[in-house]
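Per-chain residue numbering starts at 1, and chain names A, B, C and D are given in the order in which the chains are listed.
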């Protein structure tokens, strides 16, 4: 066992030893209570970080619901409230009210249908104002989604313990999944596991901590030597200690000129002992190609002892 | 009394000793005169930083006022200025002018009402141009409000002096109130109090200055030992010296990839001597939960002497 | 004369000794030739950095010119090209075309006037597309103008040489002119003057280089001691050497969480020898007030020799 | 041969020795496979980084295609689907449908043509919603294009090897091509060449690594002395080793207050041995002028041996 200083992560000391700090997608495994009900920033944050399909679905749904609601209000304004509307049946009236609502909120305003009564004039005014705020909001959300500088790093599904020089090493393979350029990429790792009553977080020294361009794949190497918290530990020890390797990556995103962070973790059962990564780089006609699909390809090797 | 170097805050030396540097909400307690009257940036800054209710109220109010004003101008353009307007009574004419104004500024333009005279054609052109600028402005304001990277930290209402190891410590509890991730959080503290004629600002060393993730609550601990400016001072001394503890927090906001700052202060009467924070973290079924409502819960303890 | 290392500014060595590096407003005194003709970014940069009056004037002018041009095109499409247009006189036709153009580009589209011929249908389609791009552009410009993080620092009109401790000091007074909070403000200064054939740039050490909050005024002090490039130099020497003091300020803007820079310079004839700054801070009823109008107030003092 | 430490760039070790790391425009010479098909961020990134002509062309093309498609849908809704449309011939019907589509998506909505059937009411509602999203997207793209902080550095076409002091030096000339101010500019260089089986990347020390203002041209100088990886190497050796000099520039952009990066590389055949840069700075009437067109002007000189 080595004597490196325990690292303070911010998760406290009384955390259950079965706890996983960081989920595979990099999110932190903590729930929070007691937050205020109306939290515009967190709503914005959610709409910025969800997937595109969910985002477009939520936007379209909100659009439909708001128009459905306004259609209902116009509907109850009664006959003659809006010009040219078909008042022959309630269903037709509702649908025409719905389309009038859409023409108002999008500011298309063809004008065939237009408000006649004072009530519909007021409501359509309010609706067009809400429409403007909505357009402003969607513009901000779309821009926010695109301009938010996040590193999208593809980490290998499994980490490996593999022969390295005269000993062994813990290795993880990663690559930039985006077309943005990541420069000055830097990785830090630590091992968290339970020992006796408590849990320790020990830094893992890397063979190469920083590279200038994250243009290809990067196999991050932690040599298991006398300075490593891994020294002397077996696959069984790791399981017993509910071990988790946390990986933090920091880089400079050249597109938006900002520092970006990424993180992930590997639990003991996501580490393959006695395997190594195959290469995912090929060179043909002076063109270097990185194949992100092959980042997970492993082959079995004999570990040094 | 220790010999640590006085810290220069930027508040000068001739400040009244009853002065509070930093208000609880983190704003700086200084008024400024002699500013130019027309300050677009400060107006923008205000509209970005006020609460949501005020912001929406101000936006709606401006919208109503501008339209009320344009309605007045259309009203005075006289009969026949706008098609389809009800000229049977001044009130009706004004209201129709008002709705025409709204249909113009929002660019809805149904077209039932449309400018007939040269005067109203010119005015409605100007108004639609102003409408575009207004939409642009509101878009910028909404985006600015959301994307502005601010740490929203919940600090405990009271700080405590509590037993710590063989002595005592000054402690403050804090948590991130937002769903954005704060990483590499760092806190610095200093004690400001009056001694003789002058006022000193002395740094307070922390047991743990930096954590990797501000995911749970963080109890920041200043041990009262021989290096502490608190050593030998009693609750009464603190009151006499009009003591204020200023707290600065710096972290990296993972959502917008920017460094954010937060600050607050505790005056001598916001420090509870002989109390400690109860835990606000619970673990159930491998799920760690932080309860922000319980951040202020204290229990009485006996201080070490 | 001291032996401090010459600082490399980036202005080269063959610069005329009458040259002023930095203008009072902080801009760099260099002209550039050979730039490409079409430079969208520089145009954007200009529209972001000019004053509000110029910006609004340019925006309104562009709006008028574009519509004037489209009006001309519609005009030449001939009679019956657009419905409801007054074809009784060329002037009336042009004006109606002009208003149709505005209703199209702003997307108001009342619809009384609408394109009838194929030619006007095509042109109005193009115009409405240009309108959308224009709205997008103005939105970006407005947001860019507001969100661009710039320190707006008010520097005292004159610098002073004033008694300080047992010797003298060169002093400049400055304050934040905006309501945004500037924290961790840091100043560096150097003296540039001609000696013999060449020109030297020598750093000037400051009594206090950094403050936590730029909340009040800050009098930056360079003591004229044996380490100072000023030592032994008189007002006459400064004039002979065409001396210029360049001041660089760096701070963290709390509103947009970004580092901002400001700079200015004082030529030899903007330095008052034997004067000191009056205070511009007053405390009443526990409220500290900074008066930016009084930042330039000086009083005559006797220098130490 | 010197003993400087090999620099790790992130390109791996098995790269073909004919490979060029960095293209002249600063892009990294690596292709990537295995990316997901739908990558909104990369699309955004592309639309942000392509030239203005391509961007406007793609925007206009998308606009035409979307409207062409919707016109087709309206066309197949049959006679009477939209008011006022010319149904006398399929071509005329299609064109009128096309213009109706444009009037809908731009939210102009004159209203002469308006949806009559339920089908066209639904389709035009969808189209106006898509229009809003499109406007939001274009706004974000335009702002993103302008506000993205990139250094646009003009590097001399050729690097030179030129006499310097008692020896020689490798020199590159560069200038800021934009009107934005670049401050605290910093350059690092390294030489990459093949030796035996492998390829080494050796840092090149610079005479001046950092300047305060990149206001004029900057000739970056690497003296070829005993610490230089160039020492003892001839033009022929450079060709044999397929040498490449990679240049990284980092500066602070004063307009958007962000750190920006630029890079380029010179292959062995882009280095002129025995030449020096002519000056491109002139001073007239106290006005310093930099001529970017003359940055490439060379004159032949004799090298020191």
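Criterion: a residue touches a chain if its C-beta (ideal position, glycine included) is under 8 Å from a C-beta of that chain, and two chains touch if they have at least 3 such contacts.
Because the structure is predicted, anything quoted here is derived from the model rather than measured.
Visitor: Note the rotational component of the Cα superposition from chain A to chain B, reported as an angle of 0 to 180 degrees in steps of 5.
Guide: 90
Visitor: Farthest chain from chain B, going by the mean of C-alpha atoms per chain?
Guide: D
Visitor: Please tell me whether the contact surfaces of chain C and chain D are same or different in residue numbering, using the over-half criterion.
Guide: The interface is built from different residue numbers on each side, given that under half of them are used by both copies.
Visitor: Need the CA-centroid distance for the pair chain C / chain D, whole Å please.
Guide: Taking the mean C-alpha position of each chain, the two centres sit 27 Å apart.
Visitor: So the centre of each chain is just the mean of its C-alpha atoms; given that, what is the distance between chain A and chain C in Å?
Guide: Taking the average C-alpha coordinate of chain A and of chain C, the gap between them is 38 Å.
Visitor: When you check chain D against every other chain, which residues touch at least two of them?
Guide: Answer for chain D, listing residues that touch two or more other chains: 107-111, 135, 139, 143, 256, 258.
Visitor: List the residues on chain B that touch chain A in their complex, please.
Guide: Those residues of chain B that touch chain A are 52, 59-60, 63, 95, 99, 102-103, 106-112, 135, 138-139, 141-143, 145-147, 152, 177-181, 183, 185, 208, 210-216, 218, 252, 254-258, 279, 281, 283, 286-295.
Visitor: Quick one: in the complex, what on chain B touches chain C?
Guide: Interface residues on chain B, with respect to chain C: 7-12, 14-16, 18-20, 28-36, 38-42, 44-46, 48-49, 83, 104, 107-111, 113-115, 118, 121, 124-125, 128-129, 131-133, 135-137, 139-140, 143-144, 148-150, 248, 253, 256, 258-261.
Visitor: Where on chain B is chain D touching in the complex?
Guide: Interface residues on the chain B side: 107, 109-111, 139.
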